[in-house]
Structures are given as C-alpha cells and as structure tokens.
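Heads up, the next two complexes both have chain A, just with different partners, chain B and then chain C.
Right after this comes the complex of A and B.
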C-alpha cells in the first residue's frame, strides 16, 4: 500500500508549507512516472562559486534567492553530479547513454576514468585518453605550420564532434488518411543533442570489428566527426536529404 | 621553490645527481632506452614515452639514496642487497630502472629480471628438466629472457669466457674458454635447452664477477615471487613449489650474497603476486618467513608517495608537455583537486592526467 502512503505524506508537506501543488492531484490517483518529489522541491545548486560570492557583489535578486533557499525544500543531489571542476554534463549524459544494465562503473571507465586494477595496461582503456594519444601522435608527426591547427584537447574534440553530428531538421511519422508520412519538423536543442549521441553510440556498437574495443572505435568515430567525415555525419546528411525530399508534406504538421 | 620548478635536462652525467636535483626530471636518450630496456619498463611508462617522444624520469629520494650507496660500494665485500618496497603505484619499478640506467652508463653488467611473477604463473609448456629430473624447465620464458639479455649486454657477451665444459646432449657441447655469447645463442636457438643456458649464464657470471673483470648488477622486480607459491601444476594436478622450477632455483642462488664485485637491487610487488592480500606491501608480509630469512640481511628502502615539491614538479612536467589539456587543470582549484583525487600517488596521478 505504498501509493496512498506517499500521497498522504505529500499532502502533509503541502499543508505544512502552505504551497499549493501546481499539478492537479486527484484523490485516488498516484503519479508513477514522474519524479517522486512534489513540485515545491527545488533543484540543488551544485556550483561552489554561487555560494562563495561575497555579499557585496550580489544583486537584490540573488540575495533574495539565497534567503529563499534557506527555507525551501531541496531535492537530494544525484551521486553523479559532483562539485568537481573537471565535471562535464555532456560527458556524463553520454556515459549514461552508453551504460548497459546499470553498470556505471564500466561505462565510466570506458569513457573517462580508468579502473585501477585493470590487467592490460599497454592499451588506453578510455576514449578520451585514446583520442588524446592519437592527436599527440599526429602533432609530433606534423610540420610546425600544421601543428597550430591540430586540436589536442579531448573535451573540445568531443563537444565539437557531437555538435557536428546534430541534425538541423528532423522527421516525424504523422498519421493522415490511414498512412504514416515522414514529415520534416524542427527539433528542440535537447532532441538534437540526444539524436547525435544516440547515432554515435549505435554506430560504434553495431559497426565495430569483432576484436576492437569500444574506446578505440569511439575515438575513431569522434575524430572523424570532428573533421566532418565518417558514418555519423553521413547519417545526418541522409536525414537532411530525406527532409528536403519530403518538403511538400510540411503542411501536415499542425504545431 | 614550488612555483618555478624547471626540468633539468642532463643527458650525459647521471653520476652528478645530487640532493639539490631532487624533484626535477631528467630525460634519457631514446636510443639508450631501446638497448638498456628491451624489457622491464612499466607498460604505462612505455605508452608515455611513445606519446611524448621522450623518456623523462623524476629524480627522487629512494633512487638518490641507492645511487649514493652504489657509488660507495666496496667491491671486495659480499654483494649488498637493497630491497625497494612500498604501496602500489609509488614508483618502485621506475626507481629500479633509474638505478639500472645509472649502472649501465657506468659499464656494469646488468642482469635484469623484469618480473619474477611471470615465471611462476601462466606457463604453457613445462618440460621436465634434462639436467635434474626433479626440476621443471620453462623454455618460452627462458628464451625470451635470453633474447632481451643479449640486447642489453651485447658487448659483454663477446668478452666473457666460460670456465667449464658444458654438455647439451650427445652431439652438442660447449668447450671451456668459449664465449658466453655462444651459450646465449644456443639457448635462443635451441629452446629446449634455454633454461639450462640461463642457469649456465647465472653460474658463470656469479663466479667471474668476483674476479673483478666487470661489475655485476642483479636487478629483480617482483622478487617475492621466488618464495611464494606458484599456480603451475603437474600432469597429475599436484601443485609445483617454486624451488622445483629450474629458473627460480638458479635465481635464488644468484640473490644469495656469497659473491662479491657488484650489488643486488630487488623490488617487491604485490600487483602480480599470487595468494597475497591486496594491502600487503611490507617485506615481511610479501616475502613470507622463508623469503625474509633467505634475504636477511638486506637494506630496505621505502618508496612513498610524492611530497608537495615532487607533486608540483610532476604537474609542471605534464603542463610543459601539454599533456594536461583541460582548461581547469592549470588553475589552483584543479591542482588541489588532482592532489585530493590521487593522494599524491604517482601511479594514480598519471592515470588521472591521462584523460584530463
């Protein structure tokens, strides 16, 4: 009987704060798919700089915010959001998408952090390290004029590669007159980032040679996408071409 | 001074390393690395060498101490045993490599066993030894080691002559007075006799180092493998003790201090060890009673994590090579975080900086 218990707890916290919940909560209905927090819970502020700002520098709104946070309920911060200076939300999102069966340790060690007890030490086990080493090799092999053009920061390469893979316009199946038509439709930023990451991961998983490890394949694909080449970019261009071809169906969109 | 830590590039005179050079890096010529270290460097260091196109070692206290002792050795006294021990990732193997490079530059003969643990586990072909029916031969490991030994000590092989006649089988034998190089060749070409060739090399070198023609450095990494247990089994699935392996038996004789004219530098290692708990790093724990008694007396040298000066120097080295590419890594916040995450452990720091 967990659902009614949850509802009554929430009802109690509602009454305690006197804040009405924005979402209509009908009696007898419990929401399962959304967050277990009721609407008055605020997101946690992880950024250390926010709290270190001296009082003099803050505007009226920020001072009000700070005072308000002292009284409001705040959600618990997830374990993956650290206050570390080296944290990157895009890399965390990508690692989560690569994760299978909840094995975050494996996903993280493939992407960034190496596991300490790994037996095979002479190949780089992480994508970012592999990207970095390949770029260093290219750097040392290049002449001094070309060296300035070679990017060695794995994070900029990663961000730029995913940005290059994002489609500008997407296709959505719309039912009209008994048939599904692929209608070109503008995509939100979130959807575009998701599609780029999804394409990258599926490409690496499916077209990987049998004995090649994931970090090596991923680093290869990332470097190719960085230079606007490779299968993921081709898939993006295919999507654009299809959207261009189905231009006439754009009227089927009603939003 | 922590801020202005520069790298000291001294290509020629390793002998000039004094205490004031502590914490600074010096680079080794890559050609030397190929001849002196065909085996024995930690794999991540080899990757780093390949990426940076240079090999740089940091001068640290344990190595300096050892160098000081080696410079003042009395070659008429029995060989002194030095044991490098410490936590995982603190730099024992690299300190050993530093010592080996120094001795190679001083024209010593280097007997370097890269990892004792490789000889007591995962052996595909174990043969019964022809020399002694109780013992076992490991042809593959022995021949690989002989090949690397040849690369490291080319010129000595044509100078040293053996002082006894050895018979390989009915048709082949090697006469007294022929070169050591011949024995090594025989071991490499005839893989069946490789283990016996190794045994002969060790015996001859021990006998002749006392004569004073050359100075011998015995460097063994993972010496606790010699007195532990093996994972190898006979055909009837009964376990083999280390002394029943001919390679280990001969190596134990080498590590005993009944010869003079050189030094013995040993490293303990928990990483490849068998049946030892992960936290064990002290000599008593890793060597066991038998090993400790066999090595007693020895000079223990603790290799610990970086002190603040060395940590700063390491970060500066990575920044100079542009290995730390993350924008936040240059800031004080980033350095504090690296110190916290790695706890100044050299191995951990290297792995952290790899993806930043």
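Right after this comes the complex of A and C.
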C-alpha cells in the first residue's frame, strides 16, 4: 500500500507537491543551498527501537507521533545512515571529514575494514584494525598484571582519544578599537568535537613521513592521544595556555 | 499621545501662511519599521572561567586534575546558551519583534492608491 503511494508522490514531484517553488523566496534571488524536498517532508527515523516499543509502554505524545508519521511525507534516508549495530555516528563524521573530493569509498576503507567488499592486500592495515593489532601485540607482550590495564577495543580507544583532544575553551578574534584581540570564549559541544577531529586529521596529513600511509599515522596519533600525549594534545594545551594568558580580555565578549 | 495635526503645516496653494514643515520625502508610511537598538550584553561565566584557569595554573594544565571546575564551566555555558535562545525566541514583551513586523508588512504592504 505504501509503495504505490510513494511512487505517485515521486511522480508528482515535478508538478506541485514535493518541489520547493522559486516563487516562495524573493524573486530575482536564486538559492544557493536548496533541496528537492519541500518543508512538509519529515526526517526519517533510523532507530529501530523507536518502532519496536510495545504500545503499552508509550506515552500519549509518542503514540500521537507514531500515528502522525503514518500520514506525513518522509525523506529518503541517506546511504550512510543505517540502523545496524556497527554504525557509529562519530566514526561516520570522522570518515566524512577525511574524505577528499567525494571519494567516500577510499575514506571508509582507510578508516574501517570494509574495502570494496574484497580483502585488499596492498593496503597493509586500516586505522581501526591497526589500532587493534598494536594493542593486541602489547597485550600478548605484557605480564598478567598489566594485561587488565590495556584497552583493546578500537572503538573505545577512538572515542576516548577524541574526547581527550577536545579543547575546553576556544579563542575568537574580536575587533575592538581597530585591533583584533583573541578573546577566550566557551565553545559548544559540536564545535569542540569538530575541532578535535580537525586537529587530528590536519596533524596526520601534514606531519606524516613521506612513505607512511594514513591509517598507520592515524593509529599512532590515536593511541598517543588515548594516553594524553602527542602533538594533538599539545595543540590543545597551547590553546588552553593562550586562553589563560588572555583571560583579562574576556570582558570584550558580549554574549 | 495622538498624532500631531498636519492642518496648515505644509506649503500648499490653499495655505496662506508660511510652511511649518518642509519634508524632503512625501509623508507616506513605508513598508518597514526601524530595528530595535541592540542591548549591550555582558560576558557570561567569567567567574567559572577564572576558577578553572586558576586550577589549570596550579596543576600544569592537566584536565584530569580539574574535572569539577571544567564541568561547572560547561554547565554554566550551556545554561547561558539556553537563556540566550529563550530570550531570542520570546522577543518583545507586548509587541512583535521588528523582523516579524517587516515580514508581515512586506506581504501586506501599505496602499498609497485607492483601488
């Protein structure tokens, strides 16, 4: 029943229903960033648990929302967002930031193990696999007392490393009296996560030895950041020190 | 206060006296209102920030030693962010904010003609 409805909606999309018409905005100005979906389209709900909840457990508003979703138009889910247990939003975001020129296949193969669905022999290790292998080597070489302290799950290492790299406070150039001053300012969660990932990627791209591949360099940096050492952590501390030095300028902020 | 009267103020053929007002543009209502003067805000979370920085100075900028201060700073900044959002969403007390008024006036403009 849903499939023919969706087909006809897509067929109508040229005519009236789906397409955002240009007349809505000011005539003479063309939109740079636009989408084929008009405002009434809702975002898809990827989470399977949302639909598996038994009816008795749901509150009134959740029941209403479920009923509402049956009648509303919903956008197509992007190919990268799945409901699988292996999906990690942080890893996806990091892969997207590493991607160059839209080459998602390459970026994803560098990050995780899936490389074109075939075991690829000439790329020695992918990042997460490299991290895991290094930690296992350390584990097997260590004595039984030290073994409990060694973390082997590459996902926890990745998350912890990026959390250690996040700056607590940021600097913003503010114009006052004809000069730009670097003023310490609190950052939002999003911004901090972005800065950690950006620093990690820039560091690995620029300071890489010539013949070393990206997964190996990234795994090195991730392990160092996990132990609160290394160049990315040093960059975070430099940022903190600058903020501390400029703490008198904090009153230049107006928000 | 009622609008001051316009009788006999402009230079017209039927007006014997000297003009009181000499407007440079025709006296017709425009389809926009002026913007509200932005209030001078002050910086939030200064105390938490200085406490955190003092802790950093004592412990050589290690984050593990200053967890509590950092958490306080984050809480303060998220509260300030939420308060700022509430203020911008609520807008004016009695009247609409000037942006919304301009949007409405653009859609329903003043008619200088009689149609």
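One rule holds for everything that comes next: the second predicted complex is superposed on the first by the 208 of 255 C-alpha atoms of A that agree within 3 Å, B and C clash if a C-alpha of one lies under 4 Å from a C-alpha of the other, contacts with A are read in each partner's own complex, and residues count from 1 in each chain.
The rule is simple: a contact is a pair of C-beta atoms (placed from the backbone, for glycine too) under 8 Å apart; a residue touches a chain by one contact, two chains touch by 3 or more.
On a predicted model such as this, the values are computed, not experimentally measured, just so you know.
Student: Between chain B and chain C, positioned on chain A by superposition, is the outcome a clash or a fit?
Tutor: fit
Student: After lining up the shared chain so the two structures overlap, which partner does A:247 touch, if you call chain B first and chain C second: first, second, both or neither?
Tutor: After superposition on chain A, A:247 lies in contact with chain C alone.
Student: Looking at A:86 after the superposition, I want to know if it touches chain B, chain C, both of them or none. Which is it: first, second, both, neither?
Tutor: First partner only.
Student: Identify the partner contact of A:210: answer first if only chain B is touched, second if only chain C is, both if each is, neither if none is.
Tutor: neither
Student: In the overlay, answer first, second, both or neither for which of chain B and chain C A:112 touches.
Tutor: After superposition on chain A, A:112 lies in contact with chain B alone.
Student: On the A-aligned overlay, A:152 touches which partner chain: chain B = first, chain C = second, or both, or neither?
Tutor: It touches chain B, and chain C stays clear.
Student: Would you check which partner chain A:128 touches, where first means chain B only, second means chain C only, and both and neither mean what they say?
Tutor: It touches chain B, and chain C stays clear.
Student: Using the touch definition from the top, say if A:136 reaches chain B (first), chain C (second), both or neither.
Tutor: Touch partner of A:136: chain B, not chain C.
Student: In whole Å, how close do chain B and chain C get at the C-alpha level once superposed?
Tutor: Result, nearest C-alpha distance in the overlay: 27 Å.
Student: Which residues would you name on chain A as touching chain B in one complex and chain C in the other?
Tutor: In the superposed arrangement, which is not itself an observed complex, chain A uses no residue for both chain B and chain C.
Student: What residues of chain C sit close enough to touch chain A in their complex?
Tutor: 40-46, 49-50, 52-53, 56-57, 61, 63-64, 70, 73-74, 76-77, 80-81, 84
Student: In their shared complex, at which residues does chain A touch chain C?
Tutor: Listed in rising order, the residues are 164, 168-169, 184, 186, 188, 228, 237, 240-241, 243-244, 247, 250-255.
Student: Along chain B, where are the residues that touch chain A in the complex?
Tutor: My answer: residues 42-44, 46-47, 51-53, 322-323, 325-329, 331, 333-334, 337, 348, 351, 354-356.
Student: If we count contacts the way the header does, which residues on chain A are in touch with chain B in the complex?
Tutor: 84-86, 112-114, 116, 121-122, 124, 126, 128-129, 132-133, 136-137, 140, 152-155
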